[in-house]
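What follows are several structures.
Same chain, two partners: chain A is paired with chain B first, then with chain C.
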Partner chain A sequence: MSENHDIAVIGGGIMGCAAALRLASGGMAPIVLDRGDLGQGASGVNAGTLSLQIKRVRLMPYALKGHEEWARMGDAVGFRRTGGYTLAFTEREAELLTERQTLKAEAGAPIEFVTNNQILTAEPNLTRRVLAASYCREDGYANSSLTGQYYRGRLREASVPYRERCAVTSITRDTQGFVLHTGGPAIKARRILLAAGAWLKPVAAMLGVDLPVDARINTVSVTERMPPLLTTVIGHATGLLTMKQKGNGTILIGGGWQGRGTPQEGRGEVTADSLIPNLSLAQFALPELGQARVLRSWTGFEANVPDFYPLAGELPGVPDAFVLGCVRGGYTIGPYIGRLMGEFILGHSPEMPVFDPGRDFEKDAT
Partner chain B sequence: MLIDEQGQAGGQVWRAKDRSILSAPATPESRSGDNLRERLAASGVRQMTDTRVWQIERQGEHWVIHTLRNGAAGRLHSRAVILATGAREEAQPVRGWTTPGVIGLAGATALFKQSIRLPGRASVVAGAGPLVFFVASEIRRLGGTVAAVVTPNTRADWLARLPSMVARPDLLWRGGRWVADLMLAGVPIYWGHAVKSVSGDDQVTGVTLCRLAADGTPLPGDIGIAADSVCLGGGLAPSTEAAQLAGVAIRYRPELGGWVSEAELDGSTAREGLFLAGDGCGIRGAVAAELHGQIVARTALRHIGQASASDPALERAYRRASRFGEAMTVLSALRADPIGLATPDTIVCRCESLTRRTIEVEIESGAVSSNAVKSGQRAGMGPCGGKYCQSSVARLIALHENRALSEIAPPTPRPPIRPVPVSALAGDFDYDDLPMPKPAPL
Partner chain C sequence: MIRLVPDHSARIQRTEKVPFTFDGVALMGCAGENLAAALMQAGVLHLRNAPGDGAPRGAFCMMALCQECVVFVDGQSVESCRLTVSSGLVVKSRR
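Presenting the complex of A and B:
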């Protein structure tokens, strides 16, 4: 088999896989490389919440498109459109909720404010201490554990080769393009797309580019199977809680509480100091959760740049090299922004603007 | 401070009897166990029993040990931690192994020791190594009937291990007596055989045996045996999860029971102040475990700055006991193929009711690591945390991909080490006291 490819995608998370599929359907011959297995990074361990209520205002159009992609993927990724409530328990949180959800509704998300009665009819097991709440009928979830299985299947169908346990350790150039060194045989490609998630910084450094990528380490937990307690996706005004009950009865709890560790060390740890308040907040919202046993808690690395907007475009100063990552709510938006990125690389004009990785990150920082 | 999830110290071998059966006759195990517990009580060691450790974290110069006791979470800080978490029993998936009336071979010993209960009226006892003979002779001693002893080992396998066993003539003698007793009582012993399937719907009604080739593959010629219970051993594997969560790497050492935490002979690990003792860092058996505990305690004492010379005589005794234990572990793995007897419709993951075929289809579709199979099919996401299925899944991947088992790591362990109720972690709290970080950017 020839080791010459039109484009090599470094990183087989949701970003890399979605982009590779679009590139293939546009006539290019991509190869996807991952240091571990496809979809075992952030894309395979995230909380799977598809909620417009926790998306950034400027990213709302992308999230809306993302939701359409998820609905198309359907059962194969465990997609459910359940609707979702975001709750506030204090005056301060109620203000935050009103301010934020109003802006998000203006940005196009079908978010409405609801009364306590409406919530208690829809979700009778929630606490009576809700002060204010919003609802979005478009919200739901998918099963992030299925990311690897799903994209492996789609890549195979599209005859896109992928290589697992294949870490890119250095990148050189030849007259044809790039040479990727992996420990195994080198892989040659005319173009490359860096989609290495929380590991974008070291990978860009292989090309002498310094990307100011940082990573947060988010915690997620799951309980044993429980009798039906929830039918929708539950969030919190601060974004510090996401909770849903899966079809099999298990309850998944997230909210971005921070564990310990860095992507460079390769290992993240759950810390009780984050886990305990995360679960306390969940139990406060859903008192009967107290009866459930937690079976597993884990962490994953979520990448960001200082302005918390995506990197999606040309790698500054390196012709034919592209980068995609650092998308907040990147599981929701991933399938869509991956497709956009594919179109951009194919030279089509993408349906929506991409995000220049060469911009001044401090200018827009929040 | 000694922490254990059992009601009394003693672990697997020196498990204490339930209060209800204190009058039951003593055995060599219960005597040594009582003796150890008496010395423990007199020693001033503080004990926290009925206490589960669910997470271990490094914080500055200390280890933080998170516990669960009486439905409440707690934490202890310590400069040094010795993890002596012992072993777990592996499943042997054959058709019908999840039928009521089938229990683990090692699990059966816990029944006898704690409550003097028998697995049934007529039991087939199956598995490798010495445990199968111990369990069979215990069943007989307690008044039960052993319908058959079935072991993949042959008499020649045992003879080949004699030189290492002579290191501990006392243990050799005990083992020999179990076999002699069984033979005198006319209990059929099927050497070089395995249980191929278990029949019965709501309760075991019998088993089918087959002879094994030298590489463990089943040979034709089935033998049926009636029984209402089966003790089915899949071998022991070190419990490495706690050490892994504390940051200790694992390595594949089949001669020590499979994936083993990396530790030196003196118990030290790559993590400062964290030490490993006993079967948790390699299955070497109870005698070696006790001696190892004494060695590792000395290492831990030195770590916290107390003079404690190493003791060459103790180390020699440990090496001798280890040789015996390792020989037994190797014997336990001989001809035992943990997956070879599973038919396509045999359950492999019990928590999620996944058959061998389902797992194989997932592997064929490209899930070629333990984590990938876990993600795709939930094998290992149930309450057991993958303890029962992970070796079977790894073997299926190795078979399919023609890769060595040493390349197929078990799934990434996740806390809690034992399931913990949310209410135990949350405790009583005031909403306003929750340490809420600043919300994400708008």
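Presenting the complex of A and C:
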């Protein structure tokens, strides 16, 4: 027994699910497969920051659209538009802040530079040693741990079948399209979309394609519940800190500090060498953190290619196969670029350009 | 009260009483005694405030699970039910 689908999506994270939903609304019959549970990779373990101040300039139009998507998803994903500050503590950081945030503002993000007085009025618990800061009213956060449950509900509503704990072990072709071999019955699909995040490389290899996908191992920590200390999301000019206090009082600390491990080996590990400076920077920004205990630190894999731009388009050399992933700021942009990818596969011309996975990755690494 | 076993409480050997402080207030407790118990004995029940609504909290489970008896000692947050009294111990509340 096997099933036939218009398209099989491998990877049930934000991008895979959002693409499947768009494909279904466009009249295709997709199926979503995940080796684990939906939204339990990077989509479900990241720090949940939705900040235009940490997006790449060229991706800003996508990030702005991403923010709209998150606002629409609202309470179901724990969305809060709190506004956010990015801080600089030294002259060098202040220069970096001015340079980077000016470019981002020019790219359409409503970012403004603020005075120390403004920031201390808004966030009185921050250190007095802020030299310069920028503010973006669009910034906020969502609760990444709700991703899986949210998309499971959306897929069910749209009558899109999904299989969890269904790892694809090999892919063959037949006259109709692709045959996906799993532990259970084979799944047949006319088209295929690879959206396996940090696991894109081994999945593409099943089709004989070598994608130069690498993974960053980002660390996130959460503290015990604290009295109200922050109302906005806080970042650092270098990008090495994100911090926000959730409604229950816990404070989430991220910033892309690197843990250890590879997607092939499992979940990845936290290392003291990167965790300690991460927490120190957080505590420098918010001295009251000195009173807080860290409850848990963990890592998540963020996939990328050498030019750090997305893969979103046709899988090179394999007709009817598509790939979506490696989006810097993928949590923010994911719901939108997933929808774009759906439109692309449906044969519509997407609202914004997609990103050819067959490009030369050594060029334009700016 | 009907005792099923004889009352041996008079035979409990208490260690020497030593001074310690809680938010600057001088208290006495038996050296080596459980800190949460010694605070209770000294009449201190209110150890911290709940982070949400600020309501008073004090020792509840006495086995380091509930986190309601957390205090500051040596700049660290620790469950007072996991500490023992020693001479000169400085305890600060999270009130």
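Everything that follows uses one rule, which is that the second predicted complex is superposed on the first by the 363 of 366 C-alpha atoms of A that agree within 3 Å, B and C clash if a C-alpha of one lies under 4 Å from a C-alpha of the other, contacts with A are read in each partner's own complex, and residues count from 1 in each chain.
Convention: contacts are C-beta pairs under 8 Å (C-beta built on N, C-alpha and C of every residue); 3 or more make two chains touch, one makes a residue touch a chain.
From a predicted model like this one, the values you see are computed outputs, not experimental measurements.
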Applying the document's definition of touch, where does A:Leu103 land relative to chain B and chain C: first, second, both, or neither?
first
On the A-aligned overlay, A:Gln40 touches which partner chain: chain B = first, chain C = second, or both, or neither?
first
According to the stated criteria, A:Arg156 is in contact with first (chain B), second (chain C), both, or neither; which is it?
first
Which partner chains sit in contact with A:Arg22 here, chain B, chain C, both or neither? Use first/second/both/neither.
neither
Of chain B and chain C, the chain that contacts the larger number of chain A residues:
B
Mind working out whether A:Thr271 is in touch with chain B, chain C, both or neither, as first, second, both or neither?
first
Please work out whether A:Arg293 is in contact with chain B alone, chain C alone, both, or neither, and reply first, second, both or neither.
both
Output check: A:Pro227 vs chain B and chain C. Expected answer is one of first, second, both, neither. What do you get?
second
Between chain B (first) and chain C (second), which, if any, makes contact with A:His5: first, second, both or neither?
neither
So, A:Gly249: does it touch chain B (first), chain C (second), both, or neither?
second
Take the contacts of chain A with chain B and those with chain C, and give the residues found in both.
224, 290-293
Contacts from chain A onto chain C in the complex sit at residues 224-227, 248-249, 290-293
Can you list the residues on chain A that touch chain B in the complex?
36-40, 44, 54, 56-57, 89-90, 96, 100, 103, 129, 145-149, 152-153, 156, 164-165, 222-224, 237-240, 256-258, 260, 267, 269-273, 275-277, 279-284, 289-298, 308, 328, 366
Can you check the complex and tell me which residues of chain C touch chain A?
49, 51-52, 54, 67, 72, 75, 77, 94
Contact set on chain B toward chain A in their complex:
55, 57, 64, 66, 73, 75, 245, 247, 362, 365-369, 371-372, 374-376, 378, 381-383, 385, 412, 414-416, 419-423, 425-427, 429, 431-432, 434-437, 439-442
